[in-house]
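Each of the next two complexes has subunit A plus one more chain, namely subunit B in the first and subunit C in the second.
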Partner chain A sequence: MFSLSVYCRLPTDTTMSLDKIGQDEWVAQVEARRAARGPLGRVLARLEAANPFVVGGLLFGLAALLPLLTSNDYVLRIAGNVCLYGLLALGLNVVVGYAGLLDLGYVAFYGIGGYGYAMLASNQFGIHVPTPVAVLVVVVLAALAGLLLGLPSLRLTGDYLAIVTLGFAQIFVLLTNTLDKASVPWSSQVVNVTGGPNGITAIDPLHLFGWELSGVGGYFYVLLATLALVLLMLRNINQSRVGRAWRALREDTLAAEAMGMPVRRLKLLAFAIGAAIAGLSGSIFAAWQTAVFPQNFDITLLITLYAMVVLGGLGSLPGAVAGALLLSVIPELLRGPDTARLLFYGGVVAMTLLLMKPRWRGVALLVAVLALGLVVRLAATALWPQALGPAPAPVSSGLGALAQRWLIFPANATLAGNLLFVLVIGLLMIVSRGRRPGVRFVLLIPSLYLLAFVWETRLAAEPSVTRLLFLGAILVLLMTYRPHGLFGKPRVEVV
Partner chain B sequence: MEAFLNQIPQQLVNGLTLGAVYALIALGYSMVYGVLQLLNFAHGDVYMIGAFVGYGVLTALAPKSGLLAPPWAIILLMLLAAMLICGLLGVVIEWFAYRPLRGAPRIAPLISALGVSFFLQNAVLLILTANYRTMKTELLLPPRMGLDIGPARVSAVRLLVILGALALMVALNALVRRTRLGRAMRAVAIDREAAGMMGVDVDQVIVATFFIGSALAGAAGVLVGLAFTQVWHYMGFTAGLKGFTAAVLGGIGNIPGAMLGGLLLGLTESLAVGFISPTYKDLIAFVVLILVLLIRPTGLLGARIQQKV
Partner chain C sequence: MLELLNVTKRFGGLLAVHDLSFAIDAGEIVSLIGPNGAGKSTVMNLITGIYTPTSGDIRLNGQSIVGLAPDAITRRGLARTFQSLRLFLNMSVIENVMAAAYPRTSAALWQSILRTPGFRREEARIRAMAEAKLAFFGTRLQGYRYDQPAYSLSYANRRRLEIARAMATDPKLLLLDEPAAGMNPHETEEITHLIGELRDRGGYTILVIEHDMGLVEGISDRVIALDYGEKIAEGSFHDVATDERVIEAYLGRRAVRSRQ
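On to the complex of A and B.
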């Protein structure tokens, strides 16, 4: 079977004028046009049509103002985390997005960067190497490790590569956990290499140009500048010969090889560059946190990074950063009960208004849900008042108080919340995949009411669980609605 | 050296128990991979749900006052309930999270699967809290019961795990080799489009595959719960990883390969525990995996992939 993938993109100058292109291209771009539809699609398409330097410069300029606007360390820490995750996502994007290698060992390079810097600049071995030298050594080391892990990739493909690299990552975490009592060959000495579960602490901060970096703001600027530099570098690589070769490799390795591309070298290069970026981020991370632990580099981070890259769109630079931004900010917003509640109800209302097709239907739905709540409340207080109890987590003012007065709570609200949680998930699943708008409308009224009930009884009470629950749900929903991610280009397979 | 050799039979029994469970989990991975080329990362969590269903049935039928049914009936009921519920759960997951992504790039369903995994774990955490639950296996199978084979002792629970897993694998093998559905599954695995053109209802086959694979995971969850007695919301992660490793070791998409890979992984691990150190158990398992893949890049029984143009 002859299979050829066409990498299709919209013309960059004018998004929607398609008068100059031929019939086949028009047909090939059907998916791209479909992706540009809808409120989200339109905004993303317009962003993409703009000059990347102008948009990027503006965004980075705005971000650089952040430490001047707020001295809140918590906000700056999150901003720094966004940059750090952005860096990591960009590095992963090189391996997975550009070269198409399913590398599940990526966090190990981040760990090598972190532990490498920690060993070179702390009291662990009593070495305190100057920052530029330490970072350089660590980056080179990580790149070499990338080459080493890349070697099996020349023989393995797809999922076999995935499991070998995953094994590498697991071995790294296991070693960092157990090498606090490493025996030296040919002697009975025991050496503490990694500190085991206690990690390495009291790591030197970064010294740059004679300054010792301290405070969250300083690290934020370092991370932001590094992010900008790496973005610029990757953009240039992406538009060079190597970038085009990587894309060819990803689309069809066999064809690329037949065209005379040095497939082995290209794969190794992708691994090395991705690993170097991870190593760089790891060393900044270690200096920032002044400590590294094995659990900083475990598989949860890998999953989050993959989610960021794929959510943003594989192979897209702004996408990787946008994914990092979304997936590190949303969980933070869900942390505080008030913002979480605002985000939740706001999100439900916005989703209803945006997704229900004739706009009046969305408004009607919200009105119906509100009315349902009032009717249920009136009926319950009139007919069976003794079964009602107080709200499980009462709030005295604001949106929460309003919602809790609108809902009713049975005496055993926790149990009811748990049972209804399962019911609501089922209902919402049916609604979101249902075909008939009338049935959806009718089902949505009780679903949304019950969702609010479950939120007030269970979800708001367990914020840490809710965050991950929502993360999972967002991943599934976004993937099923936009399989190519936010900024990714849909590809058309021509068979 | 004497003690060293005396340990071998017992470690083999342990390895066989562990391996039988790994094989059951690996089968689900491999079957789904065979028909969809999808790594179902939520598989480990389906297994966790199975363990909880088994726990629920056991607590319902074994209150403080005594057993409400004979032990064999309770065990059978636990297995059947877990298999049914997990099978249905697998079908729902396929319908909601994977079917819309049939034609999407291969990594999209992978992320969707991770999302399902996060969701299931945290839903269980929300509803059932993070407490470990202890299965009262001793009510069903007293620890004294068991067989002595030479220096090794096979307790009744381990025997149940090994035989139960074996029976399920034999049944699965018969299903895949002898029935119409099995033939359809093999056809879809070889070439989905061609199978569809020859009149195979591809969607139905995929649903059936998810049902069977998830049911096996549910059974594995119950068996593990009985054997190791601890059930908690995060148990699916490690088990899923091990099942995946076993499936790849044997050659993913290959049913006998999954069984072989599972047994091999279990034996490797328990021998590593016995002879080297429990700390390096997982390390050695992964080193063995990497070595095997470097020598045979498509697993032990995996077919060599012929790239066609």
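On to the complex of A and C.
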């Protein structure tokens, strides 16, 4: 009945266009319709169909109001981080998303930017170059380093290129760690170049147009403006001969070469532009933090950046920014137990409603889980009163208190939580492999109940671990639900 | 226009092309035929610079192109299609064609970033060019098809798009590697007609590798037959088709004897 009504509704709002475009075109648009399926797909498709300047301008305008709405430094710092990660993800997107070069040395350019600015504007060497000059020099240096690392890409592709570039990133971290005691041939003294593990501190802030930038708000505006400019620049490059050529060589390098595109020069250009953006971000980062350390530029950051680009959709500009937004805001939201709890229960309810196929089934499942909790609670009150002991992590308000009065907590709740954690994972794996919807439905009822128990006894108590677990779960679910990322296009490799 | 002079290509112990010489004049349609493994595709790859010959010389408009990279050769006015299709599958139809205009455009990076009037003019020019090239194939690659990804096209349409893409590099000489492979008889007939159109209306000189003898007969001014990397016959379709060595290469010695 449900699906029938969906099909009946289709022609009413499409008859007009059907008459106009003809059956062929209707068939040809199947991919677009598939991408726009589901509630998330519909929202994203509508966003993509809108004028990018209007949507982008609106979003950036709203973001610019943020420092006026709050003077909370913590919030502004996260907002600044979103812009910074957005910039980095955009630069990575040029190399990986457009040109299709698997570059694992990308964070080294960010590091070159950070350390380059630090050396040019701090007491490390006693040099204090004016900001515009320093940033320009750093960006050019990073671009040159990008050209250098691009050279192997002329001969290597895929996994092999990844290994070589990964080596480059490791060498950079190693050098920054050890170059505090560099010996130079013409002098017997050791020179402190990078400060080693102690890094370089007391870096000059940015001086722009006679202003000395201080405070989180100022850096947020600089980062936001830079992000907007880089977005605009990359959009324009993407819709030009160079952008088309990049995508062409990603699709088929040999064919691109046979169509007269200078493949070597284009690959080097992609590396250089990606590296320049990373270098620019690095210099702003160094000035903002007023210190740089080797561990600011290690593999963890690289993995995070890749996750952002892939989550947003490879080759998509709004995707890279959206990925940066999600992956830097969600871990922060998970810091507070109350917001984490809201995200957890909200996420479970949303996923149930999204993934259970006839919608009523999802509702029925949630009702059944609630009922199971109440039945267990009633049974415990009657038969096993000591199981109603106090919750392991008492909360005062709202959702948490409600959840804890719904569940039961035996005396050794922590141990039970540990054991049930394993059981829940096993149950959920059986559910995900199960074929018969009836069995899945029945299994899901205790699974979700136990999941809530595990959350209250174990996960909510240890936010630092839970954050990572939760983030991982979100990534897995999102990428399963939308394998091409939020704003990516479904790609076809071989037909 | 194109000259091959004593070209030899050796892969280790295998002599793929041996002492091959032929020439193509401007405005000609020449077909290269031969049984499987005769070296036709190797010849194609030698001309387009994917392989370099072991010895011998290849000249385009009198200048040697041996040792040049494939993109440099394409910029000198030679473009090809691939036997196993190599479209930019995840790009739209019109983008496939516009991307191939790369060697004929000159807008610098800063111009495209700033969207200067010069850049906009050039962009409009190659858009119009791409639409004109696609119009060669009737309405099937027009209209809403422009923005469809290339992977959504049918097999025959992909072959057509490959030809349009090659045309967009603005070549004088078109090399078509089995343009009728995988097409039904009706589509083959259409492509036969189209290749004639390409020469007459498009002004291209054309070298075709083809197995379909109906197509070869329909279009060729001249046919060159290869076997084991050597030229065994050259001339009109009729001369080559009745040549003893050609029949032997395709059908074996018994077939030649039974004809006599």
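By definition in this document, the second predicted complex is superposed on the first by the 446 of 495 C-alpha atoms of A that agree within 3 Å, B and C clash if a C-alpha of one lies under 4 Å from a C-alpha of the other, contacts with A are read in each partner's own complex, and residues count from 1 in each chain.
In the analysis below, contacts are C-beta pairs under 8 Å (C-beta built on N, C-alpha and C of every residue); 3 or more make two chains touch, one makes a residue touch a chain.
All values derive from a computational prediction rather than experimental measurement.
By the touch criterion stated above, A:375 is placed in contact with neither subunit B nor subunit C.
By the touch criterion stated above, A:251 is placed in contact with subunit C alone, subunit B being left untouched.
The wider contact with subunit A, measured as residues touched, comes from B rather than the other of subunit B and subunit C. In the superposed pair of complexes, A:261 makes contact with subunit C only, with no contact to subunit B. In the superposed model, A:202 makes contact with neither subunit B nor subunit C. In the superposition on chain A, contact is made by A:306 with subunit B only, not with subunit C.
Once chain A of one complex is fitted onto chain A of the other, the partner contacts of A:242 are limited to subunit C, with no touch recorded for subunit B.
Once the two complexes are laid over each other on the shared chain, residue contacts for A:233 go to subunit C alone; subunit B is not touched. Across the superposed pair, subunit B and subunit C both touch subunit A at residues 254-255, 491, 493.
Residues 21, 25, 28, 31, 233, 236-237, 239-245, 247-248, 251-252, 254-263, 269, 489, 491-493, 495 of subunit A are the ones touching subunit C in the complex.
Against subunit A, in their complex, subunit B makes its touches with residues 33, 39, 92, 95-97, 100-101, 103-105, 107-112, 114-123, 125-127, 241, 244-245, 248, 252, 279-280, 282-283, 286-287, 289-290, 293-294, 297-299, 305, 307-309. By the touch criterion stated above, subunit C contacts subunit A in their complex at residues 48, 50, 69-71, 74-75, 79-80, 82, 86-91, 95-96, 98-103, 105, 107, 109, 112-115, 119, 123, 126, 143-145, 148-149, 151-152, 165-166, 168-169.
Only residues 1-3, 96, 102, 152, 155-157, 159-160, 162-164, 166-168, 170-171, 174-175, 178, 254-255, 303, 306-307, 310-311, 314, 418, 421-422, 425, 429, 433, 458-459, 462, 465-466, 468-469, 471-476, 479-480, 483-484, 491, 493 of subunit A touch subunit B when the two sit together in their complex.
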